[in-house]
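Before I ask anything, here is the structure I am working with.
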Amino acid sequence: DKALVLGFSQVGAESEWRTANTASIKDAAKEAGVTLKFADAQQKQENQVKAIRSFIAQKVDVIAFSPVVESGWDTVLGEAKAAKIPVILTDRAVDSKDKSLYVTFIGSDFVEEGRRAGRWLLERAKTMPAGDINIVELQGTVGSAPAIDRKAGFAEIIAANPHLKIIRSQSGDFTRAKGKEVMEAFLKTDGKKINVLYAHNDDMAIGAIQAIEEAGLKPGKDILVISVDGVKGAFEAMMAGKLNVTVECSPLLGPQLMKVAKEVAAGETVPKRITTEEGVFPAEIAAKEFPNRKY
Amino acid sequence: MPAGVAPTLALNGISKAFGGVKALSDVALRLYPGEVHTLMGQNGAGKSTLIKVLTGVYTPDRGQILLHGQPVQPGSTLEAQGLGISTVYQEVNLCANLSVAENIFIGRYPKKYGAIDWKAMELQAQRLLNDLQIRIDVTAPLSRYPLAIQQMVAISRALSISAKVLILDEPTSSLDDAEVKLLFDVLRKLREQGMAILFVTHFLEQTYEISDRITVLRNGVLEGEYLASQLSRLDLVNKMVGAQTSPLQGLDAIGDHVEPNTADNSGTVLQARGLGRRGVLAPLDLDLHSGEVFGLCGLLGSGRTEVARLLFGADKADSGTIQIKGKIEKLLSPRDAIAAGIGFCSEDRKKEGAILELSVRENIILALQARAGLLRVIPRKRQQALANDYIKWLGIKTPDIETPISSLSGGNQQKTLLARWLAVNPAMLILDEPTRGIDVRAKQEIMDYVIALCRKGMTILFISSEISEVLRVSDRMLVLRDRKACGEYRRGELDDDSVLEVIAGECQ
Amino acid sequence: MMKILRSLPESSYFTSMVTVALLFVMFGLGSISYTGFFSLQVVLNLLIDNAFLLVIAIGMTFVILSGGIDLSVGSVLALTTMISAYMLQSWHWPPLLVIACVLLIGASFGAAMGALIHFFKLQAFIVTLAGMFLARGLCYLISINSITIDQPLYVALSQGRIGIFGAFVSPSVLIAMMMLALAIYLAHYTRFGRAVYAIGGNEQSALLMGLPVGRTKVMVYAFSGFCAALAGVLFSFYMLSGYGLHAQGTELDAIAAVVIGGTLLTGGYGYVAGTLTGVLILGLIQTLIAFDGTLSSWWTKIVIGVLLFVFCMAQRLMSLGASRSGTATPAVD
Amino acid sequence: MSIPLSHDSVKKSDLAASTETRTGYAPLKQLLLFLRHPLFRPLAALALLLVVDLFMIPGFFHLEWKDGHLYGSLIDIVNRAAPLILTALGMTLVIATRGIDISVGAVVAISGTVAALLIGGTLQMHNGVPEYVSRIPMVWAIAAALGAAVLCGIWNGFLVSTLGLQPIIATLILMVGGRGLAQLLTDGQIITVYYKPFFYIGSGYLFGLPFSLFIAAGVFLGVTILMRKTALGLFIQAVGINPMASRLAGIRTGALIFFVYMFCSACAGVAGLMISSNIKSADANNAGLLMELDAILAVTLGGTSLGGGKFSLVGSVIGALIIQTLTYTIYSMGVPPEVNMVVKAVVVFAVCLSQSQEFHHLMPRLFGGAGKNSHSTGKK
């Protein structure tokens, strides 16, 4: 029988994480012998819609995509459904009322990631001297799903401890440069006060760490650094003792995706929600974990 | 003008200053129905400013404008038109990207079912231009046509606006006698119909041919208002230039005192063979000797400017060769031409000459600097010296050498551009309509200057829509017709009458 | 240069012609290389997916023709989707009223910028850039989340299908096409349109010829704002959501479309119809890439670049050949 | 498109006027000259911003001596502004010739990437001791990076001046494709550099001041001297104001345009080095994203008209400083991120208006003041 054709629409290549995600999917497709139709949307929803339309026109067997944003997919997914092409969501959900528009959603839960970061800090706070613990937050791109959710999840948990205070929160656009720039500003205004830095992704954290060092402080000691994603760079930072913890958000969805895609194509029923197994990596285990990081 | 007739338009105590420059101070003007009123004055006297004030382009600092006795204050050309004042400004102010027809009718389109009726518009435009004996494709974009044609279009636009007052600021500066005659015929007709016409020119002949009344401005001050019939040319000139200078003799015989060129014209500076360009100029031969003035005569559109542009490499010739001082030159760009010792003062100062925001000094030294190259900068002192000298020699009226050329009067801009090329002091200088919009006195001075340069060995290719000028200055001249060369003549072989015949085509 | 100017209108006309030709060539190549490419639906998808871009580009065409530029359109689009979504979902206003409101808002936003540009002699670029920041910012003030629209009429229009020979288009396409027709009429058969060309050709002359320069300029930006808002409405049909990050960088796509369509950025020369081809070209490039399906993210960018280049080259050389001495940038030696 | 009498020219003529009419005693004249100077308003805007900071942000002007260099907000601002200043300088010349270059962002990414890749450097753990080694000598790497940037410039110049494409489209090609190339080189990864010397460019200090500041200053001086000591400035203006006339005057318009695009990219290249060196890594995906807009904004804030012609390098530098100060202010004043854009917009509007002649004429009328001085912009 002919190889299964999978149309995959990626958000873009805005971060290392995204690139790893893309790579994983391409490799997995090769291994699983799936012919992959890959389309990059350059961070634009309309491009993703166009891509999906073209997949439909090409009559692929299965469509998968990681939505740029949750909302606004009903129409095009409706067309897919009408064309009897099953749709799999990866990494981000869509918020359409009609759940029948897609068969399943593989991926991590941004809110949960935020919570995990929060929980780690909650634990850590116990061991810290009494008194207020001032947190500065580096948000992702304003309005982007991970930024909103990771903020929410984190806030939700730390609410448990009144001493945990977010004194500053500014967007660092998920990039090192911005992360560093913003952190510099924070350090100038309330340098000594800051006890904890919570960054919505590793890149910003790494940038911020540089800023902290240049301010003559010790990242990881004078200022605790918490971040999300778990890319290689983060692990190097942890091994150097500059980053305290990174909450994993695994981009390696490829194998799972292929497996599910095959099942779906074969007409088997799959669970509506498939969460990826992800860990929280504190600095202590970084060195041990480092060798077996793929991204 | 019978007494008791109320003036259509009356200006009282108009003053206008630009920063510190007093362009107009306490000027008055009366414009009666059914008269052609000529505004005279040297370059920078304030003529155009006065016109811009009364058509709402500038707001006067002081003074009032009465239209039919009612004080008016037009805020823009639009309002002025609304008041029945139709104007042709000094520089051609049309949109080169639009079709000829549209330039005539824009703002006042003939409509059908609320939509612009292009057919009707083009027909009417055709008719209007035909009245002026101009037969061109009115659907073609204006940029297709040379300045003179554009000027005619501007005029017919103004004429087509049914107005009570018609204002023409130097409409004839780039026109040939033929066109001028046509224009005057039309003006006379309008005068019959009782239109009040304000006319600006630097040509005395034209002034006396058409005008009933003359108002003279000097340095922004009203010199006086006279009936044309009661003012002799000499008085007029004196009033324009002011008593400070001695009366000039025989102004209308510019260059008459030039004795036949005795310098040896043996050395051929430039030799063109079969120089031509498809559709614009039939191949022709040219030999220019050192130290001579070589004139080009022809009717509007006869191809004079084309010859100049080809020689200068501004347009690429698609046939023929050019030899300069005996060796073949490929003039692919003006740069090459300049390197080969040619200079070209274009007829279209607004589009191809002035660099408006730059200062007078910068405009003057530009070509010289370009030839010197990027690195060898002309020292500031020298630049200022040059600028000041030419301002003195050509009598350029400007507050100082750092004033942007944009704020100079038309004629003064023209002089500045002339200065640019004189400063380069090329072996051969092409002057296309160099005296456009330049006042009588300056004109003579410039002509003398030009001739003096020749006597010093410079070769000059002289183009002017004033055939008399060409006749007087040039040692030899080439007559062009329909963009073909038709006969070369030496000084004296043609006089004012025969040349017209030749040009018109009754030769051989 | 007189020569260059002389040849400009032709070159602008030929450019448009050439563009159309190249469009077909590209489509032909696509059809040969990819299965399922040569189908009516693919063509119609071009229209469906780019309806909003077309509308924006139409507004932009007028601005550029007048010698200006409007960078705010993308953000105004986003703002429109946001406001519509908010009015519909939170205030439950009737859809038609909402549409009327946002169109009005868009137009006034544009008019305001136009006024600043004209009366204070500010530069279009900088004013509209600030406008761009402002509109985006306002989106976030409404909400940083995306708001889903489930208003029946919107849903209906979003999923509405108008069959054409077995294929279909969305209602948005019809609206866009009507807008195009209207724009062409405006540009070529009304005082306003011609004034726009005149101002683009030479603003001072336009003034001295007694054209209402000020009013026209303000109206141009108002029109552009209106188009952006209308595009926003189409976009909210298209996406059924309001979102502050919608249509980022669309202003650039629009400008590109207009310029590729043969309009000169310096103003005065160009055709509204050309803009349609410009939009289709951009859309086609996207589609080709999607159909290819082997390009990595960066190759996608590179290929877009290359296609743009090849296209502009062809366009340029062909129109050069068409009118011998033409050149689009006056400064060329 | 013909150039109407621009503000510069009007100001200049007014200036000339003021000097000759108001022949009051020198100091007054000086003051007048200063107030009328085109650069006065941008400067005023910058000053105003700083004053706001002074009051809103505690210790904004506080500078301390920290491990061998000055440390404080102002230092950050200049350090951050350096790349923007560079690109703005390049952009100024391009804009002066009536052009525009929207590919600077991509060029920033490219040069940064090339440098990072070539220097690379690897973190090798020898029993827990990290050790840095560079791939090829840094000098070569930097040369290569700048070379790449210049190539980009040549490409743009070729498209604009030789092929005669419209600048915005010509540079759009590189804007899109260039970033793609950069990503291709890095494979979409962030290339972290492990090689100390390289960091000096973007975060090192000389005489206690950021090294980047010296680079920016150096380039600025270089260009200024170029403009003063050669006819380049004159020619660029001439070409920008009236290309046709300039050509007829014998200026090599083509070559000139070619040059400015090359120069612009070169500047962007240096900026790219700074940025990547500052974050000790090359982020092809995001480096210099939207930088073109900021650069153009800086140029316009500095009072240079996009219509080409008269330009002011100092103005552009001030413009860049305004932008960076503003960004920094937003960060340190704790403005919620979703409001950033609005604030930025408002400030930009304000600065523009402050520069508008007409606005100044309007003010007295609005607030009943009768003081209406007689400017003429040559038209209504």
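Per-chain numbering from 1; labels A, B, C and D assigned in written order.
Note that in this section contacts are C-beta pairs under 8 Å (C-beta built on N, C-alpha and C of every residue); 3 or more make two chains touch, one makes a residue touch a chain.
Keep in mind that what you see is a predicted model, and the values were worked out from it rather than measured.
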Count the C-beta pairs in contact for every pair of chains, then give the pair with the highest total. C-D
From the C-alpha centre of subunit A to that of subunit D, how far is it in Å? 34
Suppose each chain is reduced to the average of its Cα coordinates; what separation in Å results between subunit C and subunit D? 29
Where the CA atoms of subunit B average out and where those of subunit C average out, how many Å apart are those spots? 44
Please work out the Cα centroid separation of subunit A and subunit C, and write it as a whole number of Å. 34
Residues of subunit A that touch two or more other chains sit at 13, 19, 22, 142-143
Among the residues of subunit C, which are close enough to touch at least two other chains? 1-2, 140, 144, 200-202, 204-205, 207, 268, 296-298, 300-301, 333
Provide the list of subunit B residues touching at least two other chains, using ranges where the numbers run on. 57, 76, 314, 333, 335, 351-352
Name the touching chain pairs, please: which are they? A-C, A-D, B-C, B-D, C-D
Given the complex with subunit C, which residues does subunit A contribute to the contact? 7, 10, 12-13, 19, 22, 36-40, 42-47, 49-51, 53-55, 57-59, 68-72, 74-75, 78, 95-97, 141-144, 148
Can you name the residues of subunit C that touch subunit D in the complex? 1-2, 4, 67, 116, 119-123, 125-127, 129-134, 136-138, 140-141, 144, 200-205, 207, 252, 255-256, 259-260, 264-268, 296-306, 308-309, 312-313, 316, 327-333
Quick check on the complex: what are the subunit A residues that touch subunit D? 13-16, 18-19, 22, 139, 142-143, 168-171, 173-177, 180-182, 184-186, 188-189, 203, 206-207, 210, 214-216, 233, 236, 240
Subunit D touches which residues of subunit B in the complex? 17-21, 56-59, 61, 75-76, 312, 314, 333-335, 337-338, 344, 346, 350-359, 362, 366-367, 369-375, 377, 399-400, 402-404, 406-407, 420
Residues of subunit C touching subunit B in their complex? 1-3, 5-6, 8-9, 185, 188-191, 194-195, 197-198, 200-202, 204-212, 268-269, 325, 333
